[in-house]
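Shared chain: chain A. Partners: chain B in the first complex, chain C in the second.
Up next, the complex of A and B:
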């Protein structure tokens, strides 16, 4: 479909640095880091954003410090951390199928449906947060899994089917929150407060940072290990790199594609559940999709450019930008949508930088 | 019935224009998924230029120009640098969402929805003296969209340059070997798609309604992508797919009036589009295996 069989991009194979004195080796490492697509893209995107700021009459020397303060200082760190967890989860939800060459753009739908299922189970099944979270993951897996037979049997690209399924899933969650599960008597598009027993315990002193943080971190670590060190992880990467070769090598390609899509959806659904079971402990219509976790996560994964271990750092960078954008809006009066501009530019530049770099290193070798 | 048909045509026109652009790209061998963002950018710039100049037609011209320029963001990375067009499109779609919301706040001073009495919309054909049954309440861009489909069908099937564009999509090396400049054709296709999306966005913001609201393209660009996948290189088939979508949207509005929840009306066009895709793929598969 894409023409490029490996949208993730394999890490460029550069030859080992020549054995010279230490300083030269440091120089090589620094140069490689500075010229890496990720650093180039972020720098390029920030430069272009600065031009946009100046063009519309915003003073960058006020806006950028406000951005950093809004993300990291004045007690904002806990909100940034609270936003980091869902973004990291959504990044993994996008990255798992991407390793097999499938784009999951339906994150918003999987997230919303996972959230509403978690709320319904917490309200009506009782008990702890375990059952709602499992239900949320299953709901997400089901929505994303629908795209698998469409892809493997009918040849409909997952990028299209996941996206087309996303909007109805968001609508369905919205309908459930407004009518059957709505808080009676208020007329607001939200469910009642969830019972105490189903709420996620706080992690540390801040009530905004729940045990979702260690849970998502552990699952991410598990995926990173599985991707790099296990047989299914290898098979999935082989499938993403070259479908026909993987089939020839004995990989059950259709099943693997289905597994990765469902696993990605499960991650997204779980994130939805974790958001709903955390503060403010209810499903509020639109609250899951409004912060734009899905596309921040996609930008982060593409920024990590085929190196999964770099995903947590890329997510951190973009979450800081996103959270800082709110602070920038409050302090400097710059609309927070500026951070979406940065993300979009990063994706465009990183796609070019990756190709140019691989061609350049290929010519050198 | 006439009112319903008119509603179908109104809902279809922006999608048809975007899909026609996507079809030109797909025929030339570039998979264009950037239509959604370009439609949104077209809608915003149409409102911006119409508001600035006070003339709807200058708004349309401004949107066509601005969206053609915006399409450079796809054509240069994807054609010149051969970056993955899907990844680039994900980026430009996100960029359009951010850029329009940001500029809207900076220029018009508020988010959400912008409309103003100063903003002039496109005249209807009835106002221009052509009071036809279904087309009367439409802007001139609606019949223009359908005429462009006819033109594209003729151009791709009957002219030298159209056939060359198709040849490039089918076998770029072979086309190159007879001396065709492949990148030039592909740049032209992507920029042409940008112009058509500009026109589609202008129809959306100045024809269907007279306002701009955040994210108002609302998935129409993706429906256009699906229409392109269904159509292959046949513009008439793409038109049929777009009409199906337009009918679903118009029907959704109707049913909403009869008490169907708004969420179901929102979801209907997507589900019907997906269903059409599934049916088409399944029948194609059956034909192949038999």
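Up next, the complex of A and C:
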């Protein structure tokens, strides 16, 4: 989490104006926090999961510690971190256009193309990891950016076009990995090992945690700052809140929407590059999409419920659940699928809470 | 489909009757104890301006809204309409303003959808075609059942919607602003059809704000204003003037009041150049229909020019052209001699009528809403923004719990004051204001009028669009009246009586040269 306070323009549910008249005010803030959709949904999901555990005869007092150990201790932390970085990146890739009211569901395609472009540049252009990463970001921006003219010229919503463009983009990356860029002689759907010079340096002692971690963290912080404290960030929020209001206020709405889509795509492409340039230092077909970073990220953004500063924490929660699920399976004999059920429950509760809330405030107005 | 009513129809009862319908949305009383009865074979016009409650009332009748009080009677028997399906089962049919058809399907397929003739589990196309052709002939609708709907002109598509209702044996037909999308020729054809339906025993509810149509096609008229019935007339025994008075409120002979200073700057203003000048402007709406034609006028510094007209006469499009939000078809809009640029024109401050849709983003904070239009550069300084917002809140006495709270939490009057605060605090030569006191309580109204007068006295050129004639009389120096996209009257405020404005608003005072070509 960064130290950014509640950004201007988001509902003040978590703002803490704890100056002045003391206890009562704090009480109100605490109540709002406890009743916020994110807290409610996590608590509700955990309660339901506990009931399921008891019902199938698993002792929750064994399962939960196993989950935490599986994610954070016994040397598992580095794997959890290695999953956290791409998920956070993909969360930002989804969140940037979402602030402008556009849904980017094409993360997998942008991610894959970014990855294969990074691999191609690393193999054939030589040099350090900088050029491959820039190329990866551009590739992602290009795929996502395609959805902007489709929307403004043809009226196809971005939520549809990004999703539809994703599959061909994944397939194109897969084709490139299997044929033109394939490792000769092995018959495996993967590129050769990338040259040492292009590999991402490790960050700390583990080779699984590369400089991708500080890089993604810094870019996320930069975006959070831009969202809350810059004029373009303000215009994007206004666009998402009410498109006609933004147009009325002189925002070039079509261009701004295109910029956010391309920026989201660039983030996704960059993540693809970061994965490929990290261990095992090659593009392996399917390795980018199989872990499901894209949709875990979307779930995390939805869980953050319109509060960007909460996204890193939401990503952390879901990553820990997933990584810890393996440990829980080993130690407590709980199928790791249970954590996916928890994740699903969280999203359902978030959605229901959001609908109930808007109905309720709608009735008041 | 729901069960038909248990009770037997009462002989001689109205085909449909709305009794004491009240419907409230939050603080807004959309329908307030409305009574309305339509006899069998009667064409009943429901007129009123935008927001008068027409649509709500029709939605209640068609089962889209449930009334808070009152009931719907069909042939004298109370019916409960929980959904449009209920309404259809009770013989009601509605043609919405926005047509709801499948462009890829044929006319017959569109008509029978949901109630298809079936043969061996399959759509019986021949039977559908026959049924539609029969109906089309019986009511003189002249529609080819096999034509693809997407290839038909709008007027014919509308007839397909009507056929859809008739196919479901509608005995009461609700037409919601049916002529809004039609050309004059098509309008005439539609009105002729409406008379034919009536002759066949169908009752028609014609919702419109165009008085010519009312006078041409209806038997009786109910006028709504502010959710109440303000007039009931037999068409044969009424006039456009009488209807307009009921529509816009009786403020006959009310003396001009409000914060007008005694010494209006009319003397020196005559000599001054126009700050805002519109020259021979033509605009088309999104459907390509002419919305504004041959409009020319000017507004000087220190002058308020009022813009009157029945809603939908081209005022909105004109305002959008002046503020840069709509591109001119031909002609030009000049600000201090230089043309308006596309996108939002920064030299014009603009208070839109649509508060929640355009003037504010309801879910954003008051501070965010107060910034829009003034955002410059790259860095946003939240503390400075909040300071500025707090200063505006203070100066314009906006009642808000916090500038960080969403603007949706403010009352209508306070939200409107916030919009005015934002726009008036901008340093622009021209101020354009639409419906400044719509949905605003009396206290806030006075304050808003005083603010507009202040802006005028500060030397701004103000264009004020309002459907409240009393408001125009209180504030404007001159009043322009629009009718069917043209400015048909330009009256100094002293001559802008209700009679003259009303006549102009209904087209009775059309410029002479226009009459020759106005025949269809």
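The criterion applied here is as follows: the second predicted complex is superposed on the first by the 304 of 365 C-alpha atoms of A that agree within 3 Å, B and C clash if a C-alpha of one lies under 4 Å from a C-alpha of the other, contacts with A are read in each partner's own complex, and residues count from 1 in each chain.
We adopt the following convention: contacts are C-beta pairs under 8 Å (C-beta built on N, C-alpha and C of every residue); 3 or more make two chains touch, one makes a residue touch a chain.
As the structure is a computational prediction, the values presented were derived from the model and not from experiment.
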Which partner chains sit in contact with A:150 here, chain B, chain C, both or neither? Use first/second/both/neither. first
Give the label of whichever partner, chain B or chain C, reaches more residues of chain A. B
Could you look at A:355 and tell me whether it touches chain B, chain C, both or neither (first, second, both, neither)? first
Counting only touches as set out at the top, which of chain B and chain C does A:250 meet: first, second, both, neither? second
Partner chain in contact with A:231 - chain B first, chain C second, else both or neither: second
Report, in rising order, the residues of chain A that make contact with chain B in one complex and with chain C in the other. none
Touch list for chain B against partner chain A, complex: 31, 33, 73, 77, 81-88, 90-99, 101-103, 105-107, 111, 219, 222, 225-226, 229, 261, 263-264, 266-267, 270-271, 273-274, 277-278, 281-282, 285
Touching residues of chain A toward chain B in the complex: what are they? 1-4, 7, 52, 56-58, 103, 105, 150, 153-157, 159-161, 163-165, 167-168, 171-172, 174-175, 178-179, 295, 298-299, 302, 335, 337-348, 350-352, 354-356
Which stretch or stretches of chain C touch chain A in the complex? 26, 325, 343-344, 346, 350, 352, 354, 357-365, 367-368, 371-373, 375-382, 385-386, 402, 404-406, 408
Footprint of chain C on chain A - complex, ascending: 8-9, 11-12, 15, 228-235, 237-238, 241-242, 244-250, 252, 363-365
